[in-house]
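What follows is a pair of complexes built around chain A, which joins chain B in one and chain C in the other.
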Partner chain A sequence: MSKLTFERPIIQRINAGLPSKYGMPRRLDPISHIDGTSIKSLLDEFGSPLFVISEQTIRKTYKEAHRAFSSRYPNVQFSWSYKTNYLNAVCNVFHQEGAWAEVVSGFEYQKAIENGVPGELIIFNGPDKSTDDLRLAIENNSLIHIDHFDELYELIHLSKEMGERPKVAIRVNMDTGFYPLWDRFGFNFENGEAWDALNRVMASKTLDLLGLHTHIGTYILSTDGYRIAAEKLASLAVKLEKKYGHVLKYIDLGGGFASKNTLRGAYYPGTDTAPSFDDFAEAITSALMSSEIKPDHLPMLILETGRAMIDEAGFLAGSVLATKRLADGRRATIIDVGVNILFTSFWYDHDIRPVEAVSDQSEDTTIYGPLCMNIDVIRGNIMFPLLKKGDHFVIRRVGAYNMTQWMQFITLRPNVIMLDSKGKPHLIRKKESLETINSLENTPEHLKNFEL
Partner chain B sequence: MLKIKSTIAISDSGFVFDAGTGDSFSLNNTGLEIVRLIKEGKDFPEIIQKVSEKYEVDEESFERYYYDFVATLNQLNLIEKDGED
Partner chain C sequence: MTKKLALKQFEWFWEALLNSYAQVFFSDNKLFGVALLIVSFIDLYVGLSGLLAVSTALIIAKILGYYEGNIRQGFYGFNALLVGVGLGIYFEPGLLLFFLVFLSGVLAVLISLTLEGVLGKYGLPFLSLPFLLIFWMLRLASKQFESLGLSERGVYVLNELYTLGGGNLIQFYEWINQLAIPSSLRSYFFSLGAIFFQQTLVAGLVAAIGLLIYSRIAFTLSILGFYIAYLFYMILGVPFSELTFSYIGFNFILTAIALGGFFIIPSRSSYLQLLLIIPLVVLVSVSLQQVFGYFYLPVHSFPFNIVTLIVLYALKFRMDNRIGLSTIFWQQNSPEKNLYSFSNFMKRFGKNSPIPIYLPFFGEWTVTQGHNGEFTHKDNWKHAWDFEIKNEDGITFKNEGDFLPDYYCFYKNVLAPANGVVEQVVNDLEDNVIGTRNLDHNWGNTVVIKHGDFLYSKLSHLKKGSIPVMAGDVVEKGQVIGKCGNSGNSPYPHLHFQIQSTPYIGSSTIDYPISDVWIRYHGKESLQATSNPTKGALVSQLVPKSEMKKAFAFVVGGTIKFRTEEGEEEIWEVKRDYFLNKYLECQRTKSKAYFKVDDLMLHFTHFEGKRTSLIYLFYLSAFKVSFGYTHGLKLQDSFPINQIFHPKRIFIQDFIAPFYQYLRADYTLNYPKASRGFSDKPFTLNGMITKSAFKKTLESSKFEFVIDQVGLKSFYFERGNQKTKALCVRD
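Moving on, here comes the complex of A and B:
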């Protein structure tokens, strides 16, 4: 007779009369496969931890977003937000689907060029554009979104010096009912600064004003802010046409759509609260369509949503390093994924699941990363199955920001693979080694030797 | 020798009731098995033998989980304090 599987022995207090506000305890069902490929086999082949990106999910999400907007508005263009995930393979999936590139630094700009994005289809946002960056963007006919007056005047200067006509848009910040107000980027709508900037651009006669841009915030759970933003930008477009007879080519509503992750401390899960692409599309397009803009002058609608496009496609698989008991008797599980590679665990209660069906029981658990740092907490408390050392887990919805904001800190950054549409794995970023890190360092001659 | 408090009743399904305090607890299968063996007065070598006959577990892992589990029982006041070695 074969022996039974051993489960870690546990005893839990029953708190009768104190029902959980979340109802019955939720069982965390294991996730053993991504796109039909076994997570265990991927960990065996590529090591633990491991980022896994589903190409299929990216394409599906893109198509869903595109359909939501293009079925409501005649001229829609998506632009891939590089900072959200600028692994070249990821960017190229979006480019293959038809997205332009949206970049916020010289480094990202170069990345987009190297990926083969034509210069005129790169939107250059953000407060950090060096003179050299601007020169290159002007030469390439890229769309420069002006963030502040210093940049505006530099562009006027460069246009004269280079004898070129830079293609520009003005970034506008505004009150859409959200706090905090992102007034650090662009020119304010309410105090008239945005209108001043537009007048200045028109007066220069050397800048080619193509559009208006705003980006109202991040992880926005209400669609109403986008309606207000679209109305305000439309009113500026109408004013421009009235005063100068100038018709804008595009209005760029930026991004910030919430993904289905759950914010820390949120009462309901993100899967229930995040609006759909259709909800966002309805708010934005109906505001533009019902604005005073003449129907045959309706500008192209550009969207730069990053988070909602890629979060769902990213998974982070790993292994349990140890379990221990805390001073108050609660369980602690230590995993090989820390906040240095899962930056978003500072904001989200990530959905973390066992890979193998190890146990029907769960325990009140704190999940810690491997770093010898007190801040390294992946989940503060979660009813989690009884995983043992060596068992595997997978964290869902990690596609946005983690593979750009990750840090080489204490541990090294792991392999990233992409599963193609058939579920076949491709290594798209190699894990770092001691050599990767040391190759950037230089030890002065007099510090090379020591005796202990 | 470990001794489970005399006020404690344990059902076949792993439901634990402490008549002394009114607290109730639930055990998983392996937990129930171990508590029963402790109640029967078995010591650690006997317990490990019994458990490893039935379950797929090596001695080293079992020892680790066993002592951790016993510490939890202690913390929950289910062990007779004067019953310790």
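Moving on, here comes the complex of A and C:
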């Protein structure tokens, strides 16, 4: 008989009989494998912590989203939102599945071009487009979504200067019943600014108006907003056709679909509350189909959903650094993943699981990151099993935004690997080292030496 | 100038005249017509009498104003010709004979038209029945005409030949007669000649050569028919001589051609059936001879007429006229042409679908039960499809599949498969809990739409209350007519789709294909013009692109202009003929390229005219074009070989075509490899036409279309060193 693993003693109230209003005591099932590959072996090979992306899950999610829309609407196109995760390997999985690119800066634009996306399949969004960026986008026939009048004027100017017809769409913001209202992007629908902008585009005669764009918010938990947005954009399209006889090529409903993560402070878990792709698709497509747009003029429906596409595919595995008891008696576990690489822990109560089956018991625990900063809290309180130093854990649904918004602070950013469809790991971003950081720095000659 | 005009005015006459001769063997081959004209003139008066009868018939038909197409085809001439020739040989030449010939020419037209009216209703040809009626009538009447006097010329051939061509012709005739030809073959030639009442070897020989030039298949069949009868006579032990046999021998030849390859698509079975049918003709002939003997009348081609009509009529009562012995639905007056275009048509379209019916949904669905399905698509309802949506693992639901919304197809839009009028709606049956069925209302919530006479579609098991249309509503193709549900005999959500010929819920189904289906099945992708997707196939529609429609969806009344590199301008008009077939016609060459076009695809079907023209190259290059495409889509098709190969090249192939085709002409069209977004830059479609024999490539040509936002921009064709480039001229 092998030796039993040591389990530290705890004191817990017995919760027998009928479940109370808090429900049954919850036990976190360990996750030992991702796509059939053992997390422990990955940590051994690539170090801890480690971002793991499942290619299989990306493709599956993409197909599910595509199926939800294409089985309801004749002409659907997805566009990968680069800011959500612009690791080249990730972008290319989406491009292989057929997604175009949606970028919001010159840097992202270059990245898409570098990945091999043809210029005409790049949607250039956002308030930040330099003159040079615009020039490049015009040359490449990219779809430029105009955010403000200054950009509109600059485009008209550039089109005359370059003798080209830039392909543009107007970004519209509107009241869809969600607050805060994202009125900082694009032109407002209710006060007539959007219609004004469309008239100016049509009057310019040098811009090629192809579409309308809106993005009503982020992490939207109700589909009704999308229905309203689609109706409002459709009404603009109908007005354009009435006034100018101009038929739009596409309507871009942006993204903002919620993933299955649980928002901080939410009562119910995200897995229960987040609408499915089918729900969003039904709201959007039924609004477009029942609009007054003529059936043979139905525009292409473009979707730029990022979070809901990639969140599920990302995992962050790591190790426990220490456990301690806080002054008030609560348990604290310190792990090697901090808010600097898990940015989304500010928004979500992340689903964090042990990798190895440790104990049936769990304890109210605070999980801290490794940073020497008070804000570095991954979970404020969670019923967590009794992990000890060196044990492994994995955090689910970290695919969106973390690998773009992470920062190098106190610790270095870790390896990112992708498990291909057969579960074989590929290193897609190397962990940083001292040289990575130092190579960017320049120490003036007189500061190179010192004596202590 | 005036001379030319006069010639042009009579052009119809020359065409009709030669066709009238050729029609005796069902042909419209002018050369064959000339050959037979010559044959008829082996006896001068017979020839003249025949010519007079045909001319009379044609002019009468023209004056009375019958459809010129039929006159040109010689339909109203060939019976008159037979009567004329017959009269010429039986009676002494003279004014009275020629008057009689003239009269019978008129009568031939009238009887032809009468029989066309009567038999046409049953879709049957009148064959040589008018000739028989008139000829028997005159034979019976002539007993009273003393002044006519029976001719004996038929017996003294040499005299006739001498008056016609002098001693040389006699020598030639004798030489031919002395050729060492087996007696059965002599009979064969005599029989051929006897069709024109010319029982000479020369006549038979010329007719046989003409027949060979006209059609290899008809020639083979004529020999086959003759020898089957010959052997049968021997087996029966019926005594016969060369002469008596050839007197009715042509019945076997004509029946073999008619049923073996002219009215029935030549095939292994059409050849084999002759083994049964020719002996039947023999029996009919022998017995008819007994009956007609009492009246001193010859049976002539009556046995052929009877058997051919009986067989053709009986075949019409089959469920499907395209299996086994396939009857002709588009007569091109040549067994070869009929065969090549039929087999090509079957390969390309299989079933004809005059009104295209499309898939009734968006996106990609899986056929979970096809025709003759194992669950419910049986007996009267065997021609139906069940559709569901599957994920990439082949599962139709998410989660555990315990609830309706778990199913991917549930609550998805169901569309009108074509324009039509809503006939019936049931919208108030509860959707079943997963696993249970409502057997009281098998079809559940259902919409029946009428698309044309005897053409209805039925969509069943819809969601309760999801149907926004009512009976009597006009619906357009693609309009939402409900949502997929789980009502009726449906244990889990699916869409039942069937085509039927009556407007009732519960009507039995008909076998009617779905048009323009993009199919993924067992790892193969294909775009099928008409499709009957089988179980397990993933089906969807390609979304048509507007620039492709502008380039290739020709509208009747429109014109297409090209300017070639040499600076020549070509103008093609889009027209529609008497039978509503659409075609492009080149103004300069009058060449015609026939096509079929629907919402999603263009197919060229047939070409008539000059093969050196630009329009011919265009016909080849745009043989199959889809208006929607996925990136890197590759379309493949094959041509009817007679439209591609030089007639010399297919001469040998023709003989064995009903059994094996070693010549092939394949078509490939490649679409752009990558998506182009909304780019207005022109893009290129290119492709290849490959001719091959025994799978070895003989020649391949390349072509290229450049297309931009406005439509077709340029067209390029390359065959060997010959390069043709033409730019589209836009107004």
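Here is the rule we go by: the second predicted complex is superposed on the first by the 441 of 452 C-alpha atoms of A that agree within 3 Å, B and C clash if a C-alpha of one lies under 4 Å from a C-alpha of the other, contacts with A are read in each partner's own complex, and residues count from 1 in each chain.
One rule holds in what follows: contacts are C-beta pairs under 8 Å (C-beta built on N, C-alpha and C of every residue); 3 or more make two chains touch, one makes a residue touch a chain.
Predicted, not measured: the structure shown is a model, and the values here were computed from it.
**Student:** What is the contact status of A:100 with respect to chain B (first) and chain C (second): first, second, both, or neither?
**Tutor:** Only chain C is touched by A:100; chain B is not.
**Student:** Does the superposition put A:8 against chain B (first), chain C (second), both, or neither?
**Tutor:** first
**Student:** Go through the superposed model and pick first if A:250 touches only chain B, second if only chain C, both, or neither.
**Tutor:** After superposing on A, A:250 lies in contact with chain C but is clear of chain B.
**Student:** Considering only the touch criterion stated at the top, classify A:361 as touching first (chain B), second (chain C), both, or neither.
**Tutor:** First partner only, chain B.
**Student:** For A:70 in the superposed arrangement: first (chain B), second (chain C), both or neither?
**Tutor:** Second partner only, chain C.
**Student:** Of the two partner chains, chain B (first) and chain C (second), which one does A:33 touch, if any: first, second, both, or neither?
**Tutor:** In the superposed model, A:33 contacts neither chain B nor chain C.
**Student:** So, A:121: does it touch chain B (first), chain C (second), both, or neither?
**Tutor:** In the superposition, A:121 contacts chain C only.
**Student:** On the superposed three-chain arrangement, identify whether chain B or chain C touches more chain A residues.
**Tutor:** C
**Student:** With the two structures laid over each other on chain A, which partner does A:260 touch: chain B (first), chain C (second), both, or neither?
**Tutor:** Neither partner.
**Student:** Which residues, counting only chain A, touch chain B once they are in their complex?
**Tutor:** Against chain B, chain A makes touches at 2-14, 16, 324-325, 329, 359, 361, 386, 388.
**Student:** Where on chain A is chain C touching in the complex?
**Tutor:** 59-60, 63-64, 67, 70-75, 98, 100, 118, 120-121, 141, 143, 167, 208, 210, 249-250, 278, 282, 285, 289, 295
**Student:** Please name which positions on chain C make contact with chain A in the complex.
**Tutor:** Contacts found on chain C: 361-365, 389, 391-392, 405, 408-409, 411-413, 476, 478-480, 543, 674-681.
**Student:** In their complex, what parts of chain B are in touch with chain A?
**Tutor:** Spelled out, the residues of chain B in touch with chain A are 16, 23-31, 33-35, 51, 53-57, 61-62, 65-66, 68-69, 71-73, 75-76, 78.
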